[in-house]
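Take a look at these structures.
One chain, chain A, links the two complexes that follow: it is found with chain B in the first and with chain C in the second.
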Partner chain A sequence: MRYQAYSQWKRSALSIVLLIAFGIILGCSPPAFKSGIRVHTTEALTTSPGASLDVSGVTDVGQLLLARDPHNGSEQAFEGLTGVFGLDDHPNAQTNASWQVSVDYSRVIFECGTGHIVEDVPIGGAIVVATCFL
Partner chain B sequence: MPRTLSLALLFFVLLLVVALIPAQTGPATFNIDISASYQFHTLNKPTGLTVGQSTAVFYIVDSDNFVIRAFQPSNGSLTVVAGTVGAAGFADGTATSARFNHPTGISGGLFCIPNQFAPPPGCFQSTRLYVNDTDNFAIRYICLGFNCPAQNVTTVAGQGGSPGYVNGTNLNARFRRIAGHWAAGSDLYICDAENHVIREWDGSNVTTFAGTGTPGYADGPRLSAKFLVPIDAVKDNNGNLYITEGGNHTIRKIDTAGNVTTLAGNGTLGYADGTGMAARFNRPTKIVYRAAENVLYVADTGNNSIRRVTLSGVVTTYSGAPTAGLTNGTLSQARYSHPMGLMILNNFMYVADSLNNVIRRIDMVNGTVTTYIS
Partner chain C sequence: MCLLAGQLLSLRASYKLGLWLALLGASAVILWYRSFVRPISRNQSKGAILYTTVGEHPFEDSAFVLDLETFKKSTFLGGKSPRSYVSVSGKSLTGPMLVATRELNESGDKVTSRLYLFDPTGQTWHAVNTFKSDALEGEGALGPDGRTIVFTLADPANPAGYEVWWADTLTGAHRKLTTVELGSWDAFPQLRSDGQEVLFVRFYRTRGGISSKLLSISSIGEREAVVLEENEGTASACYAPDGKHIAVWTKNGLEVLTESDGARKVVLPWNSILGFKITASRIFWSGIHDRIVFPLVKSSNKQYGIWWISPEGQDFTRLYNGINAQISSVSVVGMQDQ
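What follows is the complex of A and B.
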């Protein structure tokens, strides 16, 4: 009887630990990309290749330049700030279109300044990764 | 038989359907690469750069400020590590009391010195630098941090205010304007520009490695070959030593058998890409070897450009043009003004752009040039 209770307690404890671990893993992972345009801002030391850190608080601006059909989403411009994990998602940004996307690090890392690209975003969307090399 | 046929038909139809369904496109990934730019407005004719075992800190020779500076990319700090800004002289001593007089070249950097009492990874950090202190006619050694003497800056070869041409033990040796050096541990190949020879210092003695002391231009065995204002030296992976010559405007090669040949240039000043003696330089200074490509890069100072030289002597312009300027952009758009120092680290080339008083950075993968430290 005592053994059964102990076993049940052990199972419950294990479940709780697993639940917490699962929660931590979920909470610490960046959300999966869904649609539209995702802006991801990072910084990297050229002295340590391969290692980059997410930077939040970077201004990101997008402007649709040329639309095509078929497409997903309907937003033709966006403006925001990257948040946790250095991400700013614009899930309703129109895809299958030419976009200009700009980032401005000045608020958080003055030395990085600004950068931009003009690219054709396919119908499946795009992830724009901005990296400031320190 | 009909069953086999039906299965084959079904398989074919399935294949057709799969082929005709438009591929589901996932998100594309685009990159925006930004190069940080640090503004201090403090450098005054930077001429040399180095990074050691620990790449966390670069060291810059700030020649006309008479100091050696350290730049830390992780926090963007630029500090003086030896000498005092604006105070030229010759004095060994602590980092701040030591004096330099137009230092130009530098080697070494930040190292991790193994020690049993050190926390993981089992070493203490220490800065160890060799500096050719041109107008003091001497090689200076800077030691900062763990296991360094109270006197951080010492003269290890030559003597301030006492030019000459004498081989011998450390402080008894004499030089006449050292323009550059290449270090392999404490074994230094020293370009003694105004004695027109390459000297070697093994940690205790200075000897003549190549040249006769008479200016000229002659290939041959190293001790009978002639040079005119040798500026800098570097070794390749096979042990061949390459010398830039400011006076003959050439790249000379000293092979492991001790024979001196001309790799590129022909003794005439000019600007021309080409092979071997068809190429022209205008006062080439810093030379670095990039093992990943097995090529040399040369600061062609008088041509305001960076040249790329293969080990078979094919010379091309890597970046810049003879017209001086301060323009960023692609490799060919970029303009420099008397580039003198070069350093390559992790696919980035750093250029001490001496008359622009800045450090430029070239992304060697993307081929873009930016102003890194101004």
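What follows is the complex of A and C.
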């Protein structure tokens, strides 16, 4: 009787170990982050029309216009500056919403001035691409 | 899956189930070995393409490896919060790499660009910029000796004004090589094979938009020289492994320059790649294959591909296609450190 109990315990322990190993192999990790708003600022090279260029140093300002549920993130406004590869990230910006994003190129390319984009951001987030065409 | 595993646990899974799971686990291990370990130990000569893509969401930027023997793609550095990877420069998949990242700052309220020296073998990360804490960090390239690096930093007072810096990752010595005026910035610095000269592109605003020049400077910050003037439309460039030639995207297409006599040859004119565009990014001259490797984007569907061509303009070949994200850097690396 005692041997039977021991044997059952051993089987259960082995199963638990295998289950944990299996879980690790398949990756019991949280799903990849997919939310927020990314702003990407670009421009075409004047002397090489086939080439476009990521532009850093552009100010971006976001304002939530219309919110829906369900959503991710809680920020209803943001302000930033695009960095390397013309990127500025706002991972906590509220999604499933309409946003107005304004980009101000004047510090980098004065002639581009300021542009406004209204973007419908789905629950999984979005990229807002602002391109200055001169 | 985790929920299912928990339920199975609570039911005290049977020995038979355990055996099945063991079999499945073993299959997963075999698959992993075949996909990642075996190719790395097998392909010493052909090398691999290491490239990065810019994602459509925060923290989606990742680095990928394209095995040049099997042409299978695998994720090398997968971006996820709090860090993603926008540019990688290295000589091999096991040696040191200079990695430009996007990452959440310590207080968790802002995403910034950071430059790291990454050791894939020990999985260690060392911040490159330990000397100018307020600087905005750009991207860069590992030197041919695998220890010196060139990269870009910008002062917060002129946040678009990236300038070229040099550093020795072993001793920590560093120096600023270039100075830009308001409205201009330097990009894509690369050390020549002898480590004595740095090639880079200077972009600057004009009344009509952004213009560019191809420049070089000694690695001690002297003798800044113009390689290609403003009207040439330089978008990106790289040295050949011999240090005597330069591959450069200009208004004419992809050209090969000979530094000694200024000779130029268009190896891929724009009119031969109608329907394609480029995004200014690092390109690479592979010494293993003597091929210039670069990304192209199809105008119609915005899909990126990786291509190569010989310096004579032969063997224009698509190596990989269908990438639904902007390729931000591309290089050819060895499978293991020599």
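Keep this in mind: the second predicted complex is superposed on the first by the 93 of 134 C-alpha atoms of A that agree within 3 Å, B and C clash if a C-alpha of one lies under 4 Å from a C-alpha of the other, contacts with A are read in each partner's own complex, and residues count from 1 in each chain.
Basically, a contact is a pair of C-beta atoms (placed from the backbone, for glycine too) under 8 Å apart; a residue touches a chain by one contact, two chains touch by 3 or more.
Everything numeric in this text was worked out from a predicted model, so none of it was measured.
Peer 1: Answer with first, second, both or neither: which of chain B and chain C does A:Arg38 touch in the superposed model?
Peer 2: Touch status of A:Arg38: both partners.
Peer 1: I want to verify the contact counts: of chain B and chain C, which reaches more residues of chain A?
Peer 2: With both complexes superposed on chain A, more residues of chain A are touched by C.
Peer 1: Which partner does A:Val101 reach: the first (chain B), the second (chain C), both, or neither?
Peer 2: A:Val101 contacts chain B only, not chain C.
Peer 1: Which of the two partners, first being chain B and second being chain C, lies in contact with A:Gly124: first, second, both, or neither?
Peer 2: Touch partners of A:Gly124: chain B and chain C.
Peer 1: Classify the contacts of A:Thr47 with the two partner chains as first (chain B alone), second (chain C alone), both, or neither.
Peer 2: The answer is both, since A:Thr47 touches chain B and chain C.
Peer 1: For A:Ser56 in the superposed arrangement: first (chain B), second (chain C), both or neither?
Peer 2: Once the two structures are laid over each other on A, A:Ser56 reaches chain C alone.
Peer 1: Should A:Glu111 be classified as contacting the first partner (chain B), the second (chain C), both, or neither?
Peer 2: both
Peer 1: Once the shared chain is lined up, is A:His90 touching chain B (first), chain C (second), both, or neither of them?
Peer 2: Second partner only, chain C.
Peer 1: Pick one for A:Leu81: touches chain B only (first), chain C only (second), both, or neither.
Peer 2: Touch status of A:Leu81: second partner only.
Peer 1: Residues on chain A in contact with chain B in one complex and with chain C in the other?
Peer 2: 33, 38, 45-49, 109, 111, 124-127, 132, 134
Peer 1: Which of the residues in chain C end up touching chain A in this complex?
Peer 2: It comes out as residues 1-2, 5, 8-9, 12-15, 17-18, 21-22, 24-25, 28-29, 54-60, 78, 80-81, 86-87, 100, 102, 104, 110-113, 136-139, 152, 154, 158-162, 183, 185, 203, 205-212, 230-235, 249-251, 270, 276-280, 328.
Peer 1: Under the touch definition given earlier, write down the residues of chain B that touch chain A in their complex.
Peer 2: 24-39, 51, 55-56, 73-74, 76, 345-348, 361, 363
Peer 1: Mind pulling up the chain A residues that touch chain C in the complex?
Peer 2: 11-12, 14-16, 18-19, 21-23, 25-26, 28, 32-38, 40, 42-58, 80-81, 83-85, 87-91, 107-111, 124-127, 132, 134
Peer 1: If you look only at chain A, which of its residues touch chain B in the complex?
Peer 2: Chain A reaches chain B through residues 33, 38, 45-49, 101, 103, 105, 109, 111-117, 119, 121-134.
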